[in-house]
Amino acid sequence: MAWSREDMCRRAAMELQNGYYVNLGIGMPTLVANYVPKGISVILQSENGMLGMGPFPSPNEVDPDLINAGKQTISELPESVYFDSAMSFAMIRGNHMDLSILGALQVAENGDLANWMIPGKMVKGMGGAMDLVAGAKKVIVLMDHNAKDGSSKLVKSCSLPLTGAGVVDLIITDLGVFSCKSGNMYLEECAEGVSISEIKVRTEANFIY
Amino acid sequence: MSQKVYQGPGQALSKLLYDGMTIMAGGFGLCGIPENLIAALKESNVKNLTVISNNCGVDDFGLGLLLQSRQIKKMISSYVGENKAFERQFLNNELELEFNPQGTLAERCRAGGAGIPAFFTKTGVGTLISEGKEVREFDGEKHILETALTADLAIIKAWKGDKDGNLVYRKTARNFNPIMAMAGKVTVAEVEHLVDVGDLDPDNIHTPGVFVQRVIQGEKFERRIERVTTNE
Amino acid sequence: MSQKVYQGPGQALSKLLYDGMTIMAGGFGLCGIPENLIAALKESNVKNLTVISNNCGVDDFGLGLLLQSRQIKKMISSYVGENKAFERQFLNNELELEFNPQGTLAERCRAGGAGIPAFFTKTGVGTLISEGKEVREFDGEKHILETALTADLAIIKAWKGDKDGNLVYRKTARNFNPIMAMAGKVTVAEVEHLVDVGDLDPDNIHTPGVFVQRVIQGEKFERRIERVTTNE
Amino acid sequence: MAWSREDMCRRAAMELQNGYYVNLGIGMPTLVANYVPKGISVILQSENGMLGMGPFPSPNEVDPDLINAGKQTISELPESVYFDSAMSFAMIRGNHMDLSILGALQVAENGDLANWMIPGKMVKGMGGAMDLVAGAKKVIVLMDHNAKDGSSKLVKSCSLPLTGAGVVDLIITDLGVFSCKSGNMYLEECAEGVSISEIKVRTEANFIY
């Protein structure tokens, strides 16, 4: 009984605070927007040049000049603002974004993150991920605990090329919530029905609990 | 004023193109790309290009057209995942590729336009991106030195432009266009609406005309959407 | 959204001020200065300030008020010629002064806001400004390394602002305001017209609200002119 | 019979080319705008954040939000554009301005310029002058040939602190026109009725003619 994807998104959304400026990565992180708790209002940033990103549009409102960083059509909100790429990354690099939530291939005990490249496979590029993890005030990774082959994605040390060194603050997987502080990983919370011993078995990284 | 308005993309690029040159192309994905000028580049058959652009189009649109015709020698980009011709040529060593983090790419262009030859950033510290680059601590944090990018030619797409080359962009089609306009030794802009000087609001011009040498009214704009996604 | 709108400049600065802090103040001469917030700083009697501002007002208006009350310990500016109190205090060694070339000052603020800790520029090479700074050649030309500026507090004047802190400036009153808004650890803006979210054109917001923590509708704006010059 | 101030401005205006983006410094350089030759159109930049600077306004059009870099009220033209100080100096430093015309205290044979500071006197600051001389494609100095005490302002080597090293391209004084190239100064042209020998007597700098 691990967390479902919906549970994971809901848990990630609990990290949102009122007034936060947030960047959500492609994939599961994007879905966190659907679980913003009641009474909390956040402003979503899209690194291609928008604050106040709205939901996917209705078919008759699709606008080729209005896309998100995943190149999907989106919609405008009353609070929307547009700007160029240098301004967008000034926000990100300059430590003005409260939170970045993104996926990962591996996270190491020391907070190292790998999510952009598998050597030997075609490399698509890092896009804005390296800037986001270097610049956001808080970085949360939202990912499955284990890869499709069963291997742990929480590792002692990343074998894949890094996206950022020591950049991850919190990891939310289907098995629980982990934090990275001063070079160590901590188990903060187990998913409902998941025991510490199960997590231990399914985790390569050492973690403190 | 000297005449900045040209008739059509072919004329706008005349005498600017040569094999081996470096070209910046605005746009993010297919959003805000200078599609008329890209078509004219294809027609010109200029070769061995180094192209600086966040992405490389799709197989049959945008910069992908220049891949098909093998006019591109090297790409400097942050993400090129949408293009099979790209993958094929890259794996066959027919295409060079330099990845830049998106924010570093943007800042390198802006720096090139602003006369800043190099700057420090914490993006990429401890990753492959930092290899061979100077690392220096500021306030106890490591940063790497990145250099500016300029281009022999920048091609830009704007929503509106006037005859002095002042440009206004629409929504997220702005993206890299304003900073690449600054970084081109020559900058050519295609606009959807060419207007008279004085028609644009002087408080809300995104690219002042000083950065733009040539401007055309685009003939037609397909404005193709890469991933139509709706709430249905 | 969290509440960014405050009632009056005193409330907008509450719990932000402490002796010895660094404050950026937007404006060029008396144009586009945050006059209500400067008045509140005077009232607060906060002392030993380091103030980063292109100029230092005139004797009885703008930052000159804080000179009169001797709240400023150090100025970082490009030009301070309009102020007798300044001259007197400086010649008596009661005031420190760091001159920056205007473009270097602007770029240092922008860098501070953009997470760029340092950059190279050719401005000031071979002058007093380059003393003690690293010199490096790029493309055969010498450049000096300049560091970013940030501030504990940035005070900003805009024409219009909405409740999310999005700001729009008018004509040359824009000047240093947008870049100092980026560089403040906390940024407080006074606006002539406070409007609802959605009232500003999203394509034409000069300072996105992410950079602004507090905003007030200014009580009154004298908008004094330093040198009225007409064609008569 | 040297050139009058009007002659000097008229001569400087002959350096303007159609379509030039030009920054005019405070004082005599500002007056050059009044002598733009017929058929030539230039766009004036004001470094506080404006392209397309218009003339002084009529008394009822004075606007506190519309000033030039000398803090004087000015007017708007159809081609006017406003921007912030970082953008303004991106234009200047980034080599996009065709021409900067400014005054000077001293110009040396090698093109060194001093115009911002006299040690021992109150220093007002360099404003944008250091950026302009470092960044503009062409730098023209417009100044009296001799100081009030009769000393030459064209010097072998600047005794005053520099604004820029080797930055001056052309100097227009009441006695003639000089250029600086590869470390040497050249007399390009004598003012009407001024002889080379008179210029020699009144000039400290060595110049080639």
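Worth pointing out:
For reference, chains read A, B, C and D in written order, and residue numbers begin at 1 within each chain.
The working rule: contacts are C-beta pairs under 8 Å (C-beta built on N, C-alpha and C of every residue); 3 or more make two chains touch, one makes a residue touch a chain.
Being a predicted model, the structure only gives us computed values, none of them experimental.
Compared on C-beta pairs in contact, B-D and C-D come out with C-D as the pair having more.
Centroids built from CA atoms put subunit D at 35 Å from subunit B. Spacing of subunit C relative to subunit D, judged by their CA centroids, is 28 angstrom.
Centroid to centroid, with C-alpha atoms defining each point, subunit B and subunit C lie 33 Å apart.
Distance from the subunit A centre to the subunit D centre is 54 Å, each centre being the mean of its Cα atoms. Looking at subunit C, one finds that residues 107, 110, 114-116, 121-122, 169-171, 174, 202-203 touch two or more other chains. For subunit A, residues touching at least two other chains, in rising order: 76, 82-83, 86, 89, 92-93, 135. Shown here, the protein chains touch in an arrangement that is not a line, ring, star or fully connected set.
The list of touching chain pairs reads A-B, A-C, B-C, B-D, C-D.
Per the touch definition, subunit A reaches subunit B in the complex via residues 46-50, 55-59, 62-74, 76, 82-86, 88-89, 92-93, 112, 117, 122-131, 134-135, 161-166.
Residue ranges on subunit B touching subunit C, taken from their complex, read 107, 111, 114-122, 136, 138-139, 141, 143, 147, 168-171, 174, 201-204. Remark: subunit C residues 1-2, 110, 112-116, 164, 166, 182, 197-198, 202-203, 205, 208-211 touch subunit A in the complex. By the touch rule above, subunit C contacts subunit D in their complex via residues 28-32, 54, 77-82, 87, 90-91, 99, 101-107, 109-110, 121-129, 159, 169-179, 206, 223-232. The part of subunit D that touches subunit B in the complex is made up of residues 18-19, 21, 41, 43, 45, 51-52, 76, 78-83, 86-87, 89-97, 135.
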